[in-house]
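In structure tokens below, several structures.
In the two complexes that follow, subunit A is the common piece, with subunit B as its partner first and subunit C second.
Take a look at the complex of A and B:
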């Protein structure tokens, strides 16, 4: 069967419109892609150029063979290395503590009914919006009054700080672990609560009728069901605590316990002209979160929501 | 003793007490570090705590002197003004850019995951990292932006983005939008995907153009998403310290100084602890003014 010419025209003009629409959507999406990658690309290219190369070439252009070098990466790694270890040392425990405490709190305030839980929950939610500026002065006072170093030194027959591998500045790492755990609780509670509200209440009811205690329900039903949410929360907390700067700046005060973000800022303000070393340092600091983000992007997006 | 045993039984059955082991420790830590901190900070702001002496908590000496001093301090007013501009402009631009990105990714295109990953990527980075990268973007002599402008023959547009007072705040906003728009996109996208396709089709049958379909049918359905994003972004703008500190140091100057940077400078650089604590308390009050109504609104909608 032959279509009438007018119908054929209409169909082809529709198709044309469809193609035009598709092309413009892709063009915009790709334009956005380039714009969003530009700061990263410019930094990455600069980080593998010699000083004379980055001063003369376009910042987005790859280095010429004679201007290529990995020295900025090695130099930045030398400077940031110790603080990188510090950051891992407090980020990993703090992310675990805040996730576990958040899960416990969310369970206690969501799955068990008692009066006043909405009020307490509101305090948890409000705490996620807390401006750090409203508590940093007391926080620095708190850690100068609660002297972890002295407390641990007098704990038992032997002084912890005399043990091999234990350094005095590890007391500050402990402060960072406790601080980040405490301030991470509210967001973790919120994330777990959102998830627990979706769990089927009948399942819980059945377990309760079988005589399970609320502790058993938590251990045997809720925790296994929470594994995917634990992944979301741990990833979110890892990224948040690793990236954090303000508490790190205040608590470490530029000392040996400095987190890697504080060390990068020092590198940045110390060598104002060595852009290749600074951008290399930025990528080294970003690498752990970038790896986590690229591996678990969906989970990260879920945590953000 | 039947009486005490029933009391014991009742206590054992009380869900309040039985759930206490779960939320007790987290609530204690939250009470100590967050709410205790806020209270302590307020008390400190009433003292004359400064320099290297210890604060004295003498009730008879508590007064609002620091707040009175603040309100007559021109630095405070310029910082407040910049904070308000940042709060409003940055939030609006983030909402618009995030919405555009979300609509773009809501179309039928391939590699959606790749696009989404890239748009959200800046949000996963530390402000220290993005601060270093944007210092390089904005660099006058060899920076990315000025090089691009010179490369396409628009060299006359090349600017001292970070040192020209009339451009500083705009540059801050550009960089922060780059970092936060992906967040807005993710929230918008989740809400867009919940809108049934019939809504688009009905509008199409009614002869509505693509633009008016979005303006009249789709975007109104995203209002609650927009409110959530706006609250998060505004509270962030209120305390946006790290990026500014990395880029400008502890004193960004009158054109880019905000309350968050002023607070750090007064307390931790000038050691005017009580004065800094007063700025911190005000920041807390403003964040409550933003978050309080939002939480109440959420509670009424049954979403809390």
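Take a look at the complex of A and C:
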């Protein structure tokens, strides 16, 4: 079909406008990408330079052959190694506990009818807004009164602290697990509650008529339906607890139980600022959260959709 | 298989009465359709039987055993939900077998056999490995039915189960549901707002309005001898025509319209002065010109052609009617909008209702004054 010249002009000018629009969107995206990646690039370059090379070159520039070194990475790994294990040791259990307890609490407050739900829910909401600074003093008082080390020592016929591989500072790891679990429950409950409110109430009624008890309904219906939400909550909790600094500092006091975020400070030696070692350490600390996102990112996207 | 009894059952939410003094005696194996406009309390009634709503007053008994305090899972009831409420993460087999797994001691082999049997009955045996999300609406409906059937409960509850299906499938499932219910012979309560379902499916129908029982009878009885104006207007499509009139001796009148009463009509009215005259659209005769007493002239306002019949919306001449009178006529007769016709309410088609209370005063006599209780 032959189009009139005016129509053809209009069409081509529309196309042009669309192309221009797309170009500007891509340009903006690339700019944004650079803005995010440049500091990382600078950090990476710094972490593989000797201190003198760092002093002589631009932060973004790659190291010269003579200035290249991986020593800062090995040094950082040596120093951070034990505290990495500490961080994993409390992050993984605390993440699982807070997610499971949050899901249970949300189930109890949405799917099951009983008096006082609203009041309890209000407490959970309030807890999510509680600033850490306000809790720190009561928290450290609490753990000085509740002496986990002493309680476990007198629990059974044998003293757990005498078992092989068990160290005294593991009591502090336990404190961190309990503290992070408790602090995380409120936000986990809110996240699960929002999700459970969207589940068809008739599903619960059908299951009740089918003879399932409240716990059976939770196990066989609610949990399978909340897998995407578990992915969201677990990733969120892993990142939050792994990156947490304040409680880790207060409870470990920088000792043997120190989490990796606290141990980062040990990368400085005396007076000199070892920038290469610090940036290498920062990358090492950030790596686990990055891996978690890469592995479960699609599940996360499904859950927050 | 059980009887189901309601004794003065009342449900109140704060100060709103959802169901008031409901008394029903449902026999073993009956198919009961509960029908009424939205908000009439029909779903609340169903949910009280299931145990999802507490009963404020009175009691409900299955086979003479009061179930008021029992939890839903102890009532041996199966329900088909409007949304089907299928477990989305389970296969069809898992969905149908869920109830057996939790309410019986059957082994998983026995459950699989039972599930297969019900699936065959519903023609869905080849879907057993699929998830609900992969099924069409009609197939999901069958799975929901299968889940109820397989339990072999005392009572079936169905909450508008066909309302999410398209018209053709709905008609098909209607007969199929009846077939299955007859085969299983389980006492069934079926809630709907669709009066076609009520008329065609129910052994008896419960008509509710505003939480109160209006009539509990066979569909034929409800149609031919409605208890009151509400039932008369609710059952039948298009609805019965109503004309509010004042009695003057042996005549019912309003401005520009009067209707001379027969002797038996006068007797049925007694001393009442406000009377509503009701005529079903299909019982009205149309003649070219008013001929005898009570005939009146009217103008055709709108015609709704359906092929086998038309609905004529007519306004009487001289009288000031707010609502048109609807006349249903054979599709072979020809009319045009604006035509002037004669309308006749024959005495053997006139219902009379108390103008204030709405109670029925008189129904047209039937052949032998008997109404067939069922067509088959």
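The rule is simple: the second predicted complex is superposed on the first by the 289 of 305 C-alpha atoms of A that agree within 3 Å, B and C clash if a C-alpha of one lies under 4 Å from a C-alpha of the other, contacts with A are read in each partner's own complex, and residues count from 1 in each chain.
By definition in this document, contacts are C-beta pairs under 8 Å (C-beta built on N, C-alpha and C of every residue); 3 or more make two chains touch, one makes a residue touch a chain.
None of the values given here were measured: they were computed from a predicted structure.
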| message | Given the alignment on subunit A, is it a clash or a fit between subunit B and subunit C? | response | fit
| task | Check whether subunit B or subunit C contacts more residues of subunit A in the superposed model. | result | B
| Which of the two partners, first being subunit B and second being subunit C, lies in contact with A:189: first, second, both, or neither? | first
| message | Touch test for A:43: subunit B only (first), subunit C only (second), both, or neither? | response | first
| Given the touch rule stated above, what does A:206 touch, subunit B (first), subunit C (second), both, or neither? | second
| Touch check for A:239: first (subunit B), second (subunit C), both, or neither? | first
| Which partner does A:216 contact after superposing on A: first (subunit B), second (subunit C), both, neither? | second
| message | Touch test for A:91: subunit B only (first), subunit C only (second), both, or neither? | response | neither
| task | Once the structures are superposed on A, label A:224 by its partner contacts, choosing first (subunit B), second (subunit C), both or neither. | result | second
| note | Superposed, subunit B and subunit C have a smallest C-alpha gap in Å of 7
| request: Starting from the residues of subunit A touching subunit B, keep only those that also touch subunit C in the other complex, and list them. | output: 213
| message | Using the touch definition from the top, list the residues of subunit A that touch subunit B in their complex. | response | 22, 25-26, 28-29, 32-33, 36-40, 42-43, 46, 54-55, 58-60, 101-102, 104-105, 107-109, 112-116, 118, 120-127, 129-142, 179, 181-183, 185-186, 189, 213-215, 218, 239, 242-246, 249-250, 261-262, 264-265, 268-269, 275, 278-279, 281-283, 285-286, 289-290, 292-294, 297, 300-301, 304-305
| query | Which positions of subunit C touch subunit A when the two form their complex? | reply | 50-52, 71-73, 75, 77-79, 81-83, 85, 87-89, 98-99, 102-103, 147, 151
| message | Could you list, by residue number, the parts of subunit B that touch subunit A in their complex? | response | 14-16, 18-27, 29-30, 32-38, 40-41, 44, 55, 101, 104-105, 107, 109, 113-137, 139, 141-144, 147-148, 151, 178, 182-183, 186-187, 190, 231-232, 235, 238-239, 241-242, 245-246, 249, 259-260, 263-264, 267-268, 273, 276-277, 279-281, 283-284, 287-288, 290-292, 295, 299, 304
| said: For a test of understanding, state which residues of subunit A touch subunit C in their complex under the given definition. | reply: 200, 202-203, 205-213, 216, 220-221, 224-225
